[in-house]
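You will see two complexes here that share chain A, one where it goes with chain B and one where it goes with chain C.
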Partner chain A sequence: MTDAEKKIGGAGWFQRLLDGRWSHIAVPVFCVLLSLLVSGVLLVVLGKDPFVGFYSFLQGSGLAPKGSYGGGSGIQSDFFTFLGYLAPMLLASLGFVVGFRAGLFNIGISGQMVASAFTATVLVGYSDLPAVLSKPLVIIIGAVVGALLGAFVGFLKYRFNVHEVVSTIMINYILNYIVGFFINMYFVNGLTRSSLPCSTDAALMIYNVQIGGISCTIPLGIFLAVALAFFLDWLFKRTVVGFELKAVGQNPKAAKYAGINVGKRLIQAMALSGALAGLAGVAYYCGYYTTIVPKTLPQMGYDCIAVALLGNGNPIGSIFASILVSVFQNGSNFMSSTLGVQKEIASLIVGIMLLFSACGGYFRFLAHRKVQRAEDSKIKAKAKAEAAAEGMTGEGEK
Partner chain B sequence: MQDDYIIDMRHITKRFPGIVANDDVTLRVKKGEVFALLGENGAGKSTLMSVLFGMYQPDAGKIYLRGEEVKFDSSDDAVAAGIGMVHQHFKLVDNFTVAENIVMGVEPKKRLAGFLPCVDIKEANKRVKDISEQYGLAVNPTDMVGDLAVSQRQRVEILKMLYRNAEILIFDEPTAVLTPKEIEFLLDIIRGLRDQGKTIILITHKIEEIKKVADRCAILCRGKLVDVLDVASTSVQHMANLMVGREVKLETTKGEPHFGKEVLKVDHLTVRNADKFEVVQDVSLSIHEGEIFAVAGVAGNGQGELANTIAGMQDAYKGTVTLDGKDITSETVRNRVEDGVAYIPEDRQGMGVFMNLPLDENLALRRYYKEPFSKGGVLDHAKIREFADDLIERYDIRSGQGGRTITRSMSGGNQQKAIVAREIEQHARLLIFVQPTRGMDMGAIEHIHDQIIAERDRGAAVLLISLELDEVMQLADTIGVIYNGKLLKTAPASTMTSQEVGRYMMGVADND
Partner chain C sequence: MDTVFIDGLAFAAPLFIMAIGGIYSEKSGVTNLAVEGFQGFGAFIGSLVAVILMPQMGSDNQMVIVVAMLASMIGGAVYSLLHAFLCVRFRANQVISGVVVNILAAALTTFFTSVANQALTGAASNKFVLGVSDQVTVPVLSQIPVLGWFFTDMYPYEWFIAVVAIAAWYLMYKTSFGMRLRACGENPQAVDATGGDVNKTRFISVVISGALCGIGGICYAYSISANFSPSIYMGFGYLAIAAMIFGNWNIPTTAAVCLVFGLARSGGYQLCLSMGLSSNYSDLFLMLPYVLTMILLVFFSGKNHPPKAAGVPYDASDR
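Right, the complex of A and B next:
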């Protein structure tokens, strides 16, 4: 065994996995495992059992049974609550993915969420419309308001060359305070200081469904969200619109050359991104909560960016990424009471996860370099052997 | 005996997925000679030199430098060993000055207020000026690189190598981006460098240049070394045959033109750039069916903007563009394509293809939205692939994984072939070809010239914009010379000699 051959052993199946054709799955999974390890160490440092900790996140999200349940609740109800949280998270990250694919960075998702949820709540949530009318109306209004806001951002970019990051951040503030103003002036609940709740008919939930003797609240947004994820995947892979959106995102000049109406596609991409953000808004404020806290932008509107990136900017990847992040966010309360640590530790774990996910490209690079070096040393070893053989014959000739 | 050779590459083999770029190539270069590396696109010239320059590690084989075996892990090692490479695509920072670009990485330092280390720009400017005078490469150290012409940028690249004390200079297709006059100048520079004791390796597929400047020449064909020749005693025809691996004809033969109706009419067209500067001024021209109208001119005289405006990439400021009697001045790009405009842009990587998309999608860029490639807005990838495979086959587009190859990983010449194939396949009314054979080898140029002539004979109008005077003279039925955004002279090709055209290109106006 030469040194060189030993080095080949250094780049084993693991590096090859990260560098190979499954790298787009292997690398994020590796990042997540690594962040769980680091988070585990963190919990150990706090004097807690990390396995109990991680398990309690699953318990809190209805993915594992708790030791005991309070009156009228069970693993089913926990699970549906989890789905209620997952739905807006997935929709919001899909919203980001759409913009991202077309080369746009939509930071305005939180503003778009609040504004469309507020509009839907005011127009439909406070009316007496029956459920069959009001539920679809809430969805439609959410999507339309979000789309208009997104299209406006796209228009600013196309017409006046205003960068979408700048305009969306500013619009976030504007929407936040406008909505806050109207809630405080006209729609405030004097006791809780948040908006009056939208009606049960309008809310995107089916209340009091008996499953296994437990009364569950079934969120409707999740079905929409998963269906849209698959639809978007198909859109980007199979359709002319998807192809053109990708093309505009990759190289606007070449897209114009290819005959694509770049301005139209930019505005459409932002409108679609905004529409998904609007759906996330109604799924969050009319399908998980029923009220809006004034002058507070939802953190989800920013978390979804990280989720989208964790999912490789891919709609299907976003499903897995949002499940993962939602487990930690949604299960944090139960974890907190189980371990006796602040529930903000959940945010910390999510933060660690996102940090490592952001390093995914670097891990891939490391693996690639290792594999490359192993191959090089293999070649060098071979060359050395050949040279040795050559040298022998050379001497013989002399 | 071995000591005569400053570079000795033995049995170099380098493989890429699906392709053997260098197959057991042995190459020896003497100190102080100009050594040319001749071969078609994808013959492995650039790969071989990248191996020498440490950018790739060979799969097999050894490199000896000045008689000693060397192993370069990166190009930094090669630079440290005195090898410099002037790349085809310049590696310069536009918003840095000439001197800053040259010294970057090995800056002269000084200490501000006795302790704060910082770059000594004055010293850098001085050193750059000294070197540029020593080798006769006139540059102004304080100019912004972004403001420089292509030939000047190339000089900066060369100076970068000289500043790092390179003894061996590798030029990768240095003349591909230059005008005839600039080429002469560069060849002078190369001779000058040789006379100062530098060893020069010239990667090229232009045999005339080799004839003019090189001492010896190695010919590569499909990754293998075919022969090493003494340039002075070898004929151009023989070199061409060896390079392509078959008989080639050096002159394009074309029949008499038969002009039909007017296809394109450009009337008093003025185009402004972003700085409101009139880059095309009051240009009028008309091209008929069966006519090749060639615009000759030195780079940067408004040709690119003229082509862009006719193709719809840029807006006209004044004047009109008419296609088959229809005013298309403010039509969208797609409508123009539908009306029959094909366009090979100058900026092939930035505009002509999506570098991160696979080859087949780039080949279908003009038709993916139409049946049978998509129905009801849904793409039919199988049909697209089928179409692409046909083009790849017929136009000999070489790539690692066929239609699924990501375009970025293909060689520049093959990217160009893909664009040419796509645009010719449109069988358009008007073909706007800007530098269609730039960076291509003789075999491919011959093929593309034949295609252009075939398109003309089919009855298309061709607007050919080329920096290569030879190409203009070979193909044109009508020649227009552009200078400073103005069309100085338009005349039937048969009435003009290349000397005359060359004079107009320099801005010398008519006497009458």
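Right, the complex of A and C next:
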């Protein structure tokens, strides 16, 4: 290798990493690092130590030991609370991923979450069914309500060409008002102004499990969420349904030409997306909280978009991305108490991540262009050297 | 009936200016779902300026509102640079970019409202209290039947919006810049071939869009909510987008649609009051504009003609 070639290769290693076969991991990691850098600078501007800040997010999520614990709590209980938050986050982001793969933007996840959790709470959570019956029922009702809402959006999109972003957002507000109305009229807890809590039998949690001498609440949603992530990965990689969904997402016209029933697949994709959002709803409102605050859409319905984009629209990637985003959102209370920064900064950090992950395609494009240019100049240099060599021999023959 | 119309107009005017913002961006070929974020950020900057100025100039000084409106225009325009860069320069997916811009706006403004409140007043609150703009009745004109409604209990901003709207219409349909802008949304290659700069035109259009949406945001902050808080993200930006779609990307038609939305909202509210229902029921009536939007979307989405090149980043080597 000549000096000149080394120079081009050396200058391009980073671009090569972003462009090469590891690009699906390298680009999101690069985006995350960039957003952590920007958030760190923000913390410095606010006069705080960014390392203490980021560490306190981890401490708040039970991933690093805190200095001191209150009575009856420990790193274990913090960790299970974190898992309780992670479960709906992962489910919601899987919901977005399914729509995203089929070319649909399901912005209505927060509305679907509230509606399905409300239905499940009212139908099962307020009854006195035994746990064996009520827990599966909550899950089924959540999935069915979400699926119906999603399918409705898919139907509007296919039959009437209603843009799903606008329709899902309109449905969000409609559901928000309807659920708010019913909670305020019939199911309100006069003191806290939120809905009456759903019964411990119906809640998707196992209470008072002793681990290391501390009683923890184990969320059940997390098992479902991780299992579904692997199921979806299999669905997209190995099945006809997954293949056709991806085809519809990439080019609906080509998919139609190839004989795929585009309308059916669109509605299926939205139904599956909605079902996952519904599961996220019950995991959030019946498995993390037990009550619903009326007329407040969960922030998670939007955070999950950041998760899905960070995870490259991949179900397995979503697991890692949702851990990252959950650390920030779940750890924000503890961070706020140690650092004295408003906890809304967590949403801001997630927003910054979202911004950079939206630019991910551009970073990849830049890297690709740079690598291409380096390769081109290498070929040119080689050709030039060969031409020069030929020219010399040619002259010699003359 | 008078109140229905007056309230309806007060709601429709900011919606209309935001819809024009959306039209500007989409007519130039950049899909704009970021209206919600633009209006929120514009309102944030406007309210921040107002909160800083109010102690010096007196809290009922109407000049504060004028300055706040200008500030919100600038704020919206500056924030829209983000969408413009993402869509035009970085060639990001325009729908994703719109959603990202909205989420980031909500996070940014919520956080910095608390920070600014702590710095200004020492109290941790996520609200800038603004008060309500004065309402003006023009003496003689308000006596004319029907037409008089346009001159009774008007917020001054409604006239300002009317003027801006007419100017925006003129710019889009009667000037060469406007023609180029519309051409960028229909056939950008043709614009390039005739020596126009597609990306520059789109960039300018998105920034105009941001400025117009900023006006809409501060108007809501000064009328309906009387403060700036995260509740500014009530989905009015999306209502504006829906109005733009029924209005078929046409400014006069969109004005009519916005008026219908405004009347549906205030009419529903008055109906709720006149039926003597408890305040809980008002939620059901506040839902009306959104339901109406859904129904109208079903009927009109299939038939209308969005700008042909909207949503596609310009690539000079395409045919």
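To be clear about the criterion, the second predicted complex is superposed on the first by the 366 of 398 C-alpha atoms of A that agree within 3 Å, B and C clash if a C-alpha of one lies under 4 Å from a C-alpha of the other, contacts with A are read in each partner's own complex, and residues count from 1 in each chain.
The rule we apply is simple: contacts are C-beta pairs under 8 Å (C-beta built on N, C-alpha and C of every residue); 3 or more make two chains touch, one makes a residue touch a chain.
These figures come from a predicted structure and were not determined experimentally.
After overlaying the two complexes on the shared chain, residue contacts for A:Ala389 are found with neither chain B nor chain C. Between chain B and chain C, C contacts the larger number of chain A residues.
In the superposition on chain A, A:Gly180 contacts chain C only, with no contact to chain B.
Of the two partner chains, chain C is the only one that A:Gly361 touches; chain B does not reach it. Of the two partner chains placed by the overlay, only chain B lies in contact with A:Thr239; chain C stays clear of it.
Using the contact criterion defined above for the overlaid structures, shared-chain residue A:Gly259 touches chain B, although it does not reach chain C.
When the two complexes are overlaid on their common chain A, residue A:Ala227 makes contact with neither chain B nor chain C. Looking at the shared chain after the overlay, A:Ala247 reaches chain B, while chain C stays out of its contact range. Legend: residue contacts after superposition of the two complexes on their common chain; A:Gly351 is shown touching chain C, with no touch to chain B. Annotation: chain A has no residue touching chain B in one complex and chain C in the other. For chain A in complex with chain B, the touching residues are 238-241, 243, 246-247, 250-251, 253-254, 256-261, 376, 379, 382-383, 386-387. Across the complex, chain A is touched by residues 57-62, 311, 313, 332-334, 337, 343, 345, 347, 350-357, 361, 365-366, 368-369, 374, 377-379, 381 of chain B. Chain C contributes residues 33, 82, 86, 90-93, 95-100, 103-104, 106-108, 110-111, 114-115, 118, 124, 126, 234-235, 238, 241-242, 245, 280-281, 283-284, 286-287, 290-291, 293-294, 297-299, 301-302 to its touches with chain A in the complex. Taken in their complex, chain A has these residues touching chain C: 46, 105, 107, 156, 160-163, 165-167, 169-174, 177-178, 180-181, 184-185, 295, 302, 305-306, 309, 342, 344-345, 347-348, 350-352, 354-355, 358-359, 361-362, 365.
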